[in-house]
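This report concerns only the one structure given below.
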Amino acid sequence: MPCDAAAVAAAIRAAAAVITTHRDELVRLDQAIGDADHGENLERGFGFVVSSLDGEVPDNPGAVLKLVATTLISKVGGAAGPLYGTAFLRAATALGDAPVLTPESVAAALRAAVGGVVARGKAEVGDKTMVDALTPAADAAEQTAAVAGELAEVLRAAADAAEAGAESTVPLIARKGRASYLGERSVGHLDPGARSSALLLRSFADSAAGA
Amino acid sequence: MKKIVNDPADVVADALRGLAAAHPGLLRVTEDPAVVARADAPVRGKVAVVSGGGSGHEPLHTGFVGPGMLDAACPGAVFTSPTPDQVQAAVSQVDGGAGILLVVKNYTGDVLNFETAAELLAADGVDVRTVVIDDDVAVQDSLYTAGRRGVGGTVPLEKIVGAAAEAGADLDTCERLAGTVIANTRSMGMALTAPTVPHVGEPSFTLAGDEMEVGIGIHGEPGRRRAALADANGIVTALLDPILSDLPFTEGDRVLLFTNSMGGTPLLELYLAHGIAERRLAERGIAVERRLVGPFITSLEMQGMSLTMLRLDDELLRWWDAPVHTPALRWGL
Amino acid sequence: MKKIVNDPADVVADALRGLAAAHPGLLRVTEDPAVVARADAPVRGKVAVVSGGGSGHEPLHTGFVGPGMLDAACPGAVFTSPTPDQVQAAVSQVDGGAGILLVVKNYTGDVLNFETAAELLAADGVDVRTVVIDDDVAVQDSLYTAGRRGVGGTVPLEKIVGAAAEAGADLDTCERLAGTVIANTRSMGMALTAPTVPHVGEPSFTLAGDEMEVGIGIHGEPGRRRAALADANGIVTALLDPILSDLPFTEGDRVLLFTNSMGGTPLLELYLAHGIAERRLAERGIAVERRLVGPFITSLEMQGMSLTMLRLDDELLRWWDAPVHTPALRWGL
Amino acid sequence: MPCDAAAVAAAIRAAAAVITTHRDELVRLDQAIGDADHGENLERGFGFVVSSLDGEVPDNPGAVLKLVATTLISKVGGAAGPLYGTAFLRAATALGDAPVLTPESVAAALRAAVGGVVARGKAEVGDKTMVDALTPAADAAEQTAAVAGELAEVLRAAADAAEAGAESTVPLIARKGRASYLGERSVGHLDPGARSSALLLRSFADSAAGA
């Protein structure tokens, strides 16, 4: 089945449900080294995203992601709102108005998304942020797209890499975002944004595999 | 959860309805996006000063809206910076044609959201400037962090810039003045207990009975270090010394001393701490010329306090003393 | 004990030193006996309004000293009424020759100590009157109890009588006006948590996570009943209904609505509760013409709130609106 | 040994020490049905009393009690300050300037003290106040003075009666003072003022027995 606008919208809805399931976990992670709102922010934001999609399903994947982006930017606030918003916006731009996703376009979109987050937040790998999950995810997606060819496989590789990348934040000292105020006290905790990035990519991979 | 709330998801909207009811004639509150503006906005020909941030720090910023201070405030969700939409909506309500000054506390979320708004506003031809306050000496400024947080200094910043704007200062002047305040302001805070965010329902951190957090922010994030509980003398020293040595403040300086409660600390204890701080400064030959004592930038029900010092000159003093009429700060009007 | 104090035995004296430092030019603070007087006292030819009570309720009463409100306040030990010595010392500082009005909250200790002072002052030829406020509807008035407590209504009482005195009203007028305020004021409070008295070092009572105290006083004494924790709607109802039915307040009444934090409740929650109370009153056709929202009569760090309603007439409204300049209430000056 | 001004002053000092020993107990009793300050109030007050006695020892028992009275009235505050102050003042007046105490004069002083507390506080027996300890103490003192004749015995009888009277407050509903605000919730608690009255009388009895 081709991954068209409807399929992408369905994947976004599925991701929203995953965020709701993991809301409290993300709140607790953010409570440890931040201000305990990451789960609430994302749940609120994806709630609005689902409402937007109830109103209109744009007619290509890029347009769906653009709707996600503008909703997140205008409804979430905090660091995650503009960062995820920018990620989805850059991904949407990368996809253009192509009617369906391809392994290559997904890998390119993910790379663009990471670029957007870095452009806005100025974090590097190792700063203990969502960049630590997203960067290896984009790398893995490109590598897989180059050798394999299945969309689901590309996203699965990205999700695997994101999960490993998220885990890698545990021993780090945060150098960006709110956790950076803790200095050494941030060591030993999983970064909430890295965790939510991994959750989103896993959900997208699952949607692609099920489609 | 021990709170006076209905549905935690509605806490900010519900509180804004109460704020609107409490201050008719002074404030105009609009929902979705949430904006608190002075009732007589826009004031034609006046620079509009707009700020905002997460809710839960009241009276900051909504309680500082009114003649002589903010034209509008954008209240985000609890401890979550507002969205660009809110900032745009606020600006559209208060733009008097003389430009907009956005006052932003230095947090990644606040900076990103206000920056986005500023870009969009500039694209629409609005003359908008952004000033970012980062007065918290607990956080070391470094290329490798998000920089210092904006904390208590926000209150004198908004008062002083707001007064100048009210008196007709142009946007360049307001921006420069903000820079002067930021350059001369330092703060540090501590906590005895943690706040409870309504949507979380439990305290943001736990402290033993004999512990305190030093170098705390205002969002329930843990502080720079956990220390053994000290008496009032020890607490004031732990806050004052890093402030003094940072700017540094030296003998002969004239200052505003702002002793702030984080919300749950009784006024009795706050005045007690203020008295200690005043004596310490007197010993060092620093002249406290103005003071502000009370809960003005809080972290819900957190017990604790912060000290803020602003080095004054005649210009800053004049704008600090100028009339102000807001829910939380009022004099001369 | 999580408090910003040095020696708990010195907490009031230490806090008064901070109060003095914070408000030079406005307050004059003397120790032993402890008195906080307006700096320009005595004002010749003016009725002097003097109040006082245990400490721990700040800003009451010390924060209400200044032009347009109290001439002096006598702060007792924490939750302990002041001594006759303090009252005599206060009166000797502020007596402007036009008589003295003592504003007393109805507690056995306060009444006895102020009564003793009044007797001694009268014996010295001072024209002194005592008014006792007993606005707490939680306590049933009866021959067989100490009567109703004086709580939130004390704030509008001091404001209104203070304004009249400032404007030159004579002692009879001030006394009559106080009677009018007392007759038209009703209050009720509740608590989510207990305060910790410094010399005790532990909370005055314990409440489970799902409990609240309804009909609470301001000294950490338990309330009239312990109830299941309610949401904000339930809390406001539990406070407002007994107030409304007691006076009673009826359709067409014009009122001042005072939504008070017991100290530890964040402003966010307080405004939320205020909004609910305003809607309830609007539904009943009661016109809220003035409001006061904030922590004005507190019980250290106790979380909770009280509502006070004062039925207004044009005279009371005029004195409420009159200029006031004190640490905690200020407008028009 | 005759009970002169020095002996009375010594008895007051001993009573101050007893109050200090029982400070926390009195605080806890007041915490249950009041505002947790009774122990602190009395300790502070008797501390000032001891300082006053350090300065001057008046030359008859009545004058000692008058000094106690004025110090309590001017330094304690709360309900206990004026009530105990009045009690000591009336007792002093009853003693006049007699150089030593007698069983009869002590009984009369105690009766006068109770009368002072009732005049100020308007409480009756059964209202759950110090009056519930002091009234039976005055009764017992009078009865004992009439039949026995030893000062120590009179005070012991008063102390015994005061202790029983204090215990009798446990099941009562408070109808005066701060505990009255609790209504039925005051049942089951010992009244702090009744307890402190019993402690003072027991201390005076012990002093008299030891003298």
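When the chains are written out, they are named A, B, C and D in that same order, and each has its own residue count from 1.
Simple rule for what comes next: a contact is a pair of C-beta atoms (placed from the backbone, for glycine too) under 8 Å apart; a residue touches a chain by one contact, two chains touch by 3 or more.
All figures in this text were calculated on a predicted structure; none of them were measured in a lab.
Participant: Let me have the rounded angstrom distance from the C-alpha centre of chain B over to the C-alpha centre of chain C, please.
Facilitator: Chain centres of chain B and chain C, defined by C-alpha means, are spaced 29 Å apart.
Participant: Quick one: chain C and chain D, Cα centre-to-centre, how many Å?
Facilitator: Each chain reduced to its C-alpha mean, chain C and chain D end up 32 Å apart.
Participant: Measuring centre to centre with CA averages, how many angstrom lie between chain B and chain D?
Facilitator: That gives a centre separation of 54 Å.
Participant: Which chain C residues touch at least two other chains?
Facilitator: In chain C, residues 78 touch at least two other chains, as defined above.
Participant: Of all the residues in chain D, which ones touch at least 2 other chains?
Facilitator: none
Participant: Chain touch graph shape: choose line, ring, star, complete or other and state it.
Facilitator: Here the contact pattern is a line, an open path with two ends.
Participant: Pull out all the chain pairs that touch, please.
Facilitator: In this structure, the chains touch in these pairs: A-B, B-C, C-D.
Participant: What residues on chain B touch chain C, complex-wise?
Facilitator: The touching residues are 1-6, 11-12, 14-22, 55-56, 58-59, 63, 78, 192-193, 195, 209, 212, 229, 231-233, 235, 259, 263-276, 278-279, 288, 291, 293, 295, 298, 300-301, 303, 305, 325, 327, 330-333.
Participant: Please output the residues of chain B touching chain A within their complex, sorted ascending.
Facilitator: Checking each residue of chain B against chain A gives 9, 33, 54, 76-86, 107-109, 112-113, 116, 138-140, 144-146, 149, 197, 199-200, 204-205, 217, 219-222, 224-225.
Participant: Please name which positions on chain A make contact with chain B in the complex.
Facilitator: 27, 31, 33-37, 40-41, 44, 73-83, 120-121, 175-178, 180-183, 185
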